[in-house]
């Protein structure tokens, strides 16, 4: 990395590493703040420079925290925004309308005219761009804040009364979603797989159990399959959604999805927009992230030291195992994710 | 001491420890900068402090002060993760020779304002020290004389690295009473523990499986204590001194044990270096693992299966890496080479068809084709030419150049020709084998933990003993899972039991202690080893005869000895030998004894008769025993007994009466 | 302080406890295991109790008379008996000689009947005295254990059993002594009424039969013909004998009085049963103590039941309900306890343990008066099995073994004497263990050996003795393979598996079950143990197995289920919920700071701890049995030909 | 001026087309077709758009009559026609012809380096030490593999023979030349090899609206196997191969796609040359428009033709 990281960026990275900032929502928020700060700063004169800075910083973050895809997602959003705003202003000046969202497509390929294929040069200064960006950022922020809420409101549409729902681990959006559902519907039974070794499922269970009208069953991960035969719906959160509609979700999600498939139980995944990342699952190893061996088996148990002990954090869930995505903009089929992505990010920003 | 609000947490980091153990790599750089899994030890320590919320750190160095200064500076520039929210200062002077001096110096400088964390630069831990600090503060509230809280880690590791401890502490207030390091080379069979510890304290707990990661929480008084007594050279001196004359100095030491989930270990020699490297690579010290970008901002490695950490731009074919390997950037490995359980520093070049296992390469090492390395360390910039075979704990110093076909084992090789007396052999223009014995005055290194027994030689790397002695089965939990076939249980339980009984009996005999206690002891050990009653009977008798006094009795008067013994221990024996079968066991035991102790064998008939007289065994038992003795095996025994037996047969009644009278 | 100082070596040795051994080692181990768990305080207690007993036994006879507490007095009684019996014995001998001397003069006239009855009485009284004494000091000892903070059952058993040994011998000896006395009296009377000696000898003989332990004395008697020397001595001792005998009388009476309360407590029993009975109702209170105080009050338990599983009885841990049943043989009682406490787990282990216990029962079984051996035994065994079922639902392996045993009973020949039948049965049990478990395992591993080849990566789940055996075998054949051990909370049996495998030097990888998709790509074969194989080809095994099979299928890894045919079951089942076993929900609580702690307080929230799940046959590539490698679907076939297997 | 101009010295579409292909073995028939059409556009004068269209259609038809498998040609032709219609506006015929020619050039250049783009995209999926199965010969796949091996990735490639004309052998030859280790296997060995490979990577002659592909016979089988063995099935195809066709199954596939010209009159005896692989069996499509899921294809086509 030739570019020097900003102080804020390094601090954020450290905070995330140490675990002071956790949960993709808060990470996203913090990242957004940083970019906001960058935009407000006078360090750039034109869109081009801005984009370069953003790229650089997000690249640094990516290198430091390859697992936290949300940071680069936000960066992409920013870049897209800049482009759009720029084009808009540009268009205002010389009446030239460019179908901004139409990315690199067959249509474009065919209709390319000489002038349109030389890409817009962003380097020419554009007054009012900063302001435009800032208030556009406002929208993004609000979207971020409301995303969880927007997902919750759809709870009624997906859960009927006296359903048996299975979930895994503890995802913030799932928690809210289920709470909403519990409020609206009676006699729900919620089965929570504990998701060892961290067993965050326990927290979720205790959080939900405050309500009288719902039955909470906590099961070890081993009995997922056994219970699945009675489950009507599987509702899980995810760490991020990949370009092909696959998931990178908490470890164990794959088994859940597979079991659900086996009993043909619909699998609903709650994924706010900022978790959509235009990446494909390439080399398995880089994809995953392995935690502490200590969690799995105590260090003092001597045989453990002879053996290799893994506690991976994520599972890849292929799209065909997912029935439905619920994002803050509504429900989507996994096969439609690509579209969302093209709307969300500019194709030239896919590789930052 | 009473703290005002908002006191900043300070820590003292003692650099360059155990210089001697890391020869020759410690010759031209500080041990604190010795890379462990490609991250210098100093970083580990600093990160540990940072993670436990320390705000100000004083790195105290005496040797290579400048290097450390530079290193810290550079670290801060490259956003080393410890540089956040933590102020790091390097202090120290060439003058200071040992830990004690450092402490005194610090006291003089008066930098420490409150309780502080005291850490060796060679400590690797992921522990959060805040709770320990709190604990120390609490104890300090109650006990103004609380000088320090030592932090230990429980570890059932059957490998000695020189950090193992035996301590006695008051398990009500965790106060340290006794502190002894365990020997590294030959295992102790018994520990002398001053009796008064038990006399003066109502409850004492002994911990014999502790590891000393060189972490301590110090009160300001600790420093002053050092400056007051100049004989305190090392931390151990300090502890010893305080323990010996507590009331004199009116200050006490407390102990805190780390929770089992937290990792802490000290790298004080190559052996522990190897051990800790393995643990780090196996992710026991998480998050202090290579792929978490421990101290760099960026992540350097990609984690692959089988604990392979490969840098993004290392040109190493997958097939070359077996398991537990870390490969730094820019390293290149030739075809046909196989690497396992090793660490490759930056820009290492390894030729074709080499075999590396348990090898630790620093940066810029070049290894040419066909070499075989195992259990060795190769310093920065060293070059190893074709077809060398290096193994079992050899250490190749920085910039060494080994000529082709060199074969080394257990040797330390240094590039520069050191002062004469070390050099054993010269194998090349840039390779001198130097002596690894630390016999010379260890004072010249900061002998913070140079233990007397370490002066024999520097512990080497080697094949770590398998941790799996059958006896450490921590989980019988599902042991019943097993139907008929399981690892056969350890046979020597009974022997341990026997030896213990012998011990307690001999002691009891010597100290004329109350038989009740002896019985109690025996019972307890009986339960400990889960002996059946039969075995107990058998062993007790065996033990009685196995006692020193009977094995080598004064002027070979066995009977006398036995008589004496039984006078003292009769009650004990009779307590076990009641039923006929017990008597039979007893006699069988005797049988065994005869095998070992010929004095007894000669006098066997008398012995038996003695037992009979003293009513330990009945006539019927003796007869039964006699009958079941088979003729060829115990011919001598039998014929020596015949007399007794038929005498019994007839004259039973007579001595019966005597017995009746004597009752 | 001495004690505390002792703790260290002790604790050390405890941490390094003995580890699983062959079945012969089983019993001690079972006793040993919970010891590790037990807190040391009450460990000491026990010892002190023990020790106090022993001390008192060794108090010189002078002090004896000053017995305050019933406990001590009882002991004293016991102790001075130990002294007396020696004397008594000797007297008896003298008497015997005496008779022999008088033989010549005596005139044969047979009033035998009366004498015999007399003998009977004496023996019975002795029984009573002995038993009562034992009860007394036992209860004392229990009292102390009760005082001790919740001792686990097994400790008290160890202590009691150790005592028992002592007791038994003491009883024997006493009995013996009484016998002698009886004999003597008999002889006297014989002398008076000119009773013939053969009668007396006869009586002595059958007395000896009754009172084991008297034998060698009897031997000596028989061996001693009327030697002239002996005779002379005998004469000169006559009066001393009289004196001694008087003394003996005295303390029998004493013991009788001492024993009085105890004796009416028990209905005067027949010899062997009687002693057993006492042993039982001595053990029971201790066991009740021993059963861990389950924090789950039964009511909260009830409204915390998962609706889906209301039909499954959650094995109630209330020990008393299945302990103090007078008709249960101690070995069975213990086994039941071990089942309930999950000390004996794994269908093989459970089966073997059951059979061993069964052997005990058979050995100690006595046909009630004019009952047919097979039938009555069948009844008792049935009762025992029910008892076990109460403790924990029977494993399929066990119930199968039981079935086999039953039809063995029906096939028993009628004409043979009881002892022979017993031998027959125990032999049957041995063969069953040998064939169904031992041989089967060998056969199965034999089948699998050619399936395990160099470079294989076996993936296994939980801990299965069979699979461990197979791996050992493969290792012995120097196959270069490694094993991935998949484990799951809360049982974590995989850790045990890992321990054993790495003890054999097999390279292992250890993951929890939700990480299985991470390791599955490496795996080349999946080996699974089974609890049972159902008739519709479904595999019933430790919960999680199905998941492993599922993921394996998703990765096209062949799944082999290893299962001896004695685990095959006629049951049909299609999901894990109809029939299953609920473990203790508290096991899910990880630590005291786990938020699941005291879940009972939370409304409507239940940790659910299923024991088994059902793997559908389509997920299983093959079942490896000792018969052959089969598809799941051919289980019924095996079931059909099952009787021919093994024996 | 009147349209009878230039009717003379007939510019023969087919010969031109064929010789284009001869000159450059690596050129795909699609590109050739478009080149030819452009050439026509250049060479000829058109009075009206109608005429233009007709000529184009004729040209396409002519090219279809050649012996090559037509899928690519058809799609390319359609694309070009579309291109014309889109770029036509009510300007004077002549100038918009100029525009067309200009755009055509750009269009062509884009198409030409599309392979390069695709190869780049495929890189991250070709992992070191992997094993790849591919079906007979595809220029795109070849390019992708070669680029991969260029940046220090070692992997093994299994190549199927690919029916009667053993195009697999050529593939092997090329790979060997590029220093990639590879094995030639029978088409019928697909199922056997599938177990051991990491993923399948095939080219395509046409990508149809469903997102499925039309490719040399055997691809379908391969897809089925891949699905059964849960291996990813990647397709590499340039965007001009997208064609507006929606085959329901093999039978529904038009004959002229399946059979070469000469057999068309009776197809009872002969083997089809291509088969249709439904989208369900395809994991991803690598195109110069980016990495697409099958469902994205129809999206593209819709955008173009609506």
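Letters A, B, C and D mark the chains in the order given here, with residues in each chain numbered from 1 onward.
The rule is short, and it goes like this: contacts are C-beta pairs under 8 Å (C-beta built on N, C-alpha and C of every residue); 3 or more make two chains touch, one makes a residue touch a chain.
By chain, UniProt protein names: A = Translation initiation factor eIF2B subunit beta; B = Translation initiation factor eIF2B subunit epsilon; C = Translation initiation factor eIF2B subunit delta; D = Translation initiation factor eIF2B subunit alpha.
Predicted, not measured: the structure shown is a model, and the values here were computed from it.
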item	value
Label of the chain whose CA centroid is most distant from the centroid of chain B	D
Chain ID, smallest distance between chain and overall C-alpha centroids	B
For chain A paired with chain D, centre-to-centre distance based on mean C-alpha positions, whole Å	36
Inter-centroid spacing, chain D versus chain B (mean Cα positions, whole Å)	70
Distance between chain centroids, defined by C-alpha means - chain C, chain D (Å)	78
Chain centre separation in whole Å, for chain C relative to chain B (CA means)	41
Where chain A touches two or more other chains at once, by residue number	288, 301, 303, 306, 308-309
Multi-chain contact sites of chain D, meaning residues that touch two or more partners	none
For chain B, residues contacting two or more additional chains	156, 305, 466, 468, 472, 474-475
For the chain A and chain C complex, residues of the former touching the latter	189, 194-197, 199, 202-203, 205-206, 209-210, 212, 214-227, 229-230, 251-252, 254-255, 258-259, 262, 284, 288, 296-297, 301, 303-304, 306-312, 315-316
Partner chain A, residues of chain D touching it in the complex	79, 82-83, 86-87, 99, 102-103, 106-107, 110, 124-125, 127, 239, 242, 283-284, 289-296, 299-301, 303-304
Residue numbers on chain D that touch chain B, as the complex places them	128-129, 152, 154
Chain A residues touching chain B - in the complex, by the definition given at the top	1, 5, 10-11, 13-14, 17-18, 60, 63-66, 285-286, 288-294, 298-303, 305-306, 308-309
Complex contacts: residues of chain C adjacent to chain D	554-556
